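Should a chain be cited, it is by its letter among A, B and C, assigned in written order, with residues numbered from 1 in that chain.
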Amino acid sequence: MLYFLDLMGTAVFAFSGILQARRLQMDGFGVLVLAAVTAIGGGTMRDLVLGVQPVFWVTEPQYLLLIVATCVVSLFLVRASSRHFARKLLLWADAVGLATFTAIGVNKALAVGAPPIVAISMGVLTGVGGGVLRDVLAREVPLVLRTEIYATACIAGGVVLTGTLYWGGNHHIATLACIAVTLLIRLAAIQWHWRLPVFGAGDETKPS
Amino acid sequence: MLYFLDLMGTAVFAFSGILQARRLQMDGFGVLVLAAVTAIGGGTMRDLVLGVQPVFWVTEPQYLLLIVATCVVSLFLVRASSRHFARKLLLWADAVGLATFTAIGVNKALAVGAPPIVAISMGVLTGVGGGVLRDVLAREVPLVLRTEIYATACIAGGVVLTGTLYWGGNHHIATLACIAVTLLIRLAAIQWHWRLPVFGAGDETKPS
Amino acid sequence: MLYFLDLMGTAVFAFSGILQARRLQMDGFGVLVLAAVTAIGGGTMRDLVLGVQPVFWVTEPQYLLLIVATCVVSLFLVRASSRHFARKLLLWADAVGLATFTAIGVNKALAVGAPPIVAISMGVLTGVGGGVLRDVLAREVPLVLRTEIYATACIAGGVVLTGTLYWGGNHHIATLACIAVTLLIRLAAIQWHWRLPVFGAGDETKPS
């Protein structure tokens, strides 16, 4: 279940990289790079910092394969679906990906014995890091650093996960609680702030 | 003593990140990220390259806590103190942080058996790396790459440390000599070039 | 032989960093940093991701020494040689460096047991990564992400190397085939697209 959400998050984040690459009129390779950086960039930095080696996608090639597949599919998807529907779907899928990535990041950090504040940081790094790298490559001030509600959802989820475990909670329940809290805050943010950039971290519009 | 200087350098570098974030009108999370990146970015890259794992702040959460505390305190500090006095104080504190970070970087590299030129590079990376990452996130050509006297001070300090050890000098004396040389060169640079950007690496003004 | 090509590639990539630094009117230290980042940045990211530790240039200081020497020599070289001849020479040398770096990257990945798609990605990362970092520091959208033929040559070379090994080919032959294919595609791209930016990944001109 978590594995399925992880793959979905990877595909969605890859797609947000593809949108950014299209906006910059990049060629095929540029699209691939921006998709990969957005999808696995956060997890890569997390594994490097935690000393988990090699980085997760080196031993699990399905991540790279999924990113390549997403690039191919998106060539058709972008034209097939209506613009408005696609945006809304992506926004929700992005929120699910964010919540899943946060939970995975916090759990991985706790697994190697990191203290709570470090574990929460790893959740944020996993959820937000890819989008930051994408924006740096696209020569923009990372949107995540301007849209508070996106990263704040990660922090809240991380606090819930470490807190639940600290007070003797079950590991599965803590993970689910983390995903639920991150997701709810993010969806609430989307619902209440209609004027916010469409993607949160993964938006292709510039703040004017 | 070195530990105290290290924490002071961390706080000062965090504050220079906070200033940069304020200039870009970032929100609370952006301030936190830029503070953390500036304060621990250089040491993180050093540990990654040297293969010291996990990275230092994963096992020593006081660094992250100090950065959060610096963000909170700076909210008040910025308004409380006079502008001119704060700048001068920061400039001096930044020089002390730079000197300490350089000495720590060189020592860490020598401890894992790196050759002299690599050790000196690690000193520079530790001292200067955080400021470079901060400027990349803020979408600016890193100021350190334009202000020679800043990084040159690191190089000189690194040469002194490795040189002293090479000619049989005591480890404590070599470290102190490195800090003294880096600090003196940097302070001299500040003193003689009044028109240089106020912070050196950590300045929030643009070269016009 | 491969070792000689590797050093040549390092020097050439360092020189492309120096050109970029000159364009931005950086000082001596900035030149050194951009040269180093371009020359060893790709290999550094590869080693980090693969978990090869410490990174290659920590135990082999000749890389850093070569970069410093390249910076010193280039001060004279730039003036001594005719502009047109220098550009053409660099373009060819850059293609050789790219081919060598790709082969080294793929081999290193296969040596630690990475699956084919990961190995090919490591070839691309080694060949292209340094140029991407250089452009990020110079605050430009990485040219590699816009010039398809450059990175596509790496991918083709990587596919040839892993494919040859997969179908029972000799390791030396596979490496030579990879270098030959990458080099030929890149040279053909240079030959047929006279209007492409002069350096491929290492060009100092802006797309207008």
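Everything below uses one rule, namely that a residue touches a chain if its C-beta (ideal position, glycine included) is under 8 Å from a C-beta of that chain, and two chains touch if they have at least 3 such contacts.
These numbers were taken from a predicted model, which means no experiment stands behind them.
Novice: Chain adjacency by touch: line, ring, star, complete or other shape?
Specialist: Per interface graph, the chains form a complete graph.
Novice: Between 0 and 180 degrees, and as a multiple of 5, what angle does the rotation take that fits chain A onto chain C by Cα atoms?
Specialist: 120
Novice: Provide the C-alpha centroid distance between chain B and chain C, rounded to the nearest whole angstrom.
Specialist: The mean C-alpha positions of chain B and chain C differ by 30 Å.
Novice: Can you tell me which residues of chain C touch two or more of the remaining chains?
Specialist: 48, 53, 136, 139
Novice: In the complex of these two chains, what residues of chain B are touching chain A?
Specialist: Per the stated touch rule, the residues are 21, 24-30, 33-34, 36, 44, 48, 53-55, 57-59, 61, 64-65, 68, 136-139.
Novice: Note which residues of chain C are touching chain A in the complex, please.
Specialist: Residues 48-51, 53, 109, 112, 114-118, 121, 132, 136, 139-142, 144-148, 151-152, 155.
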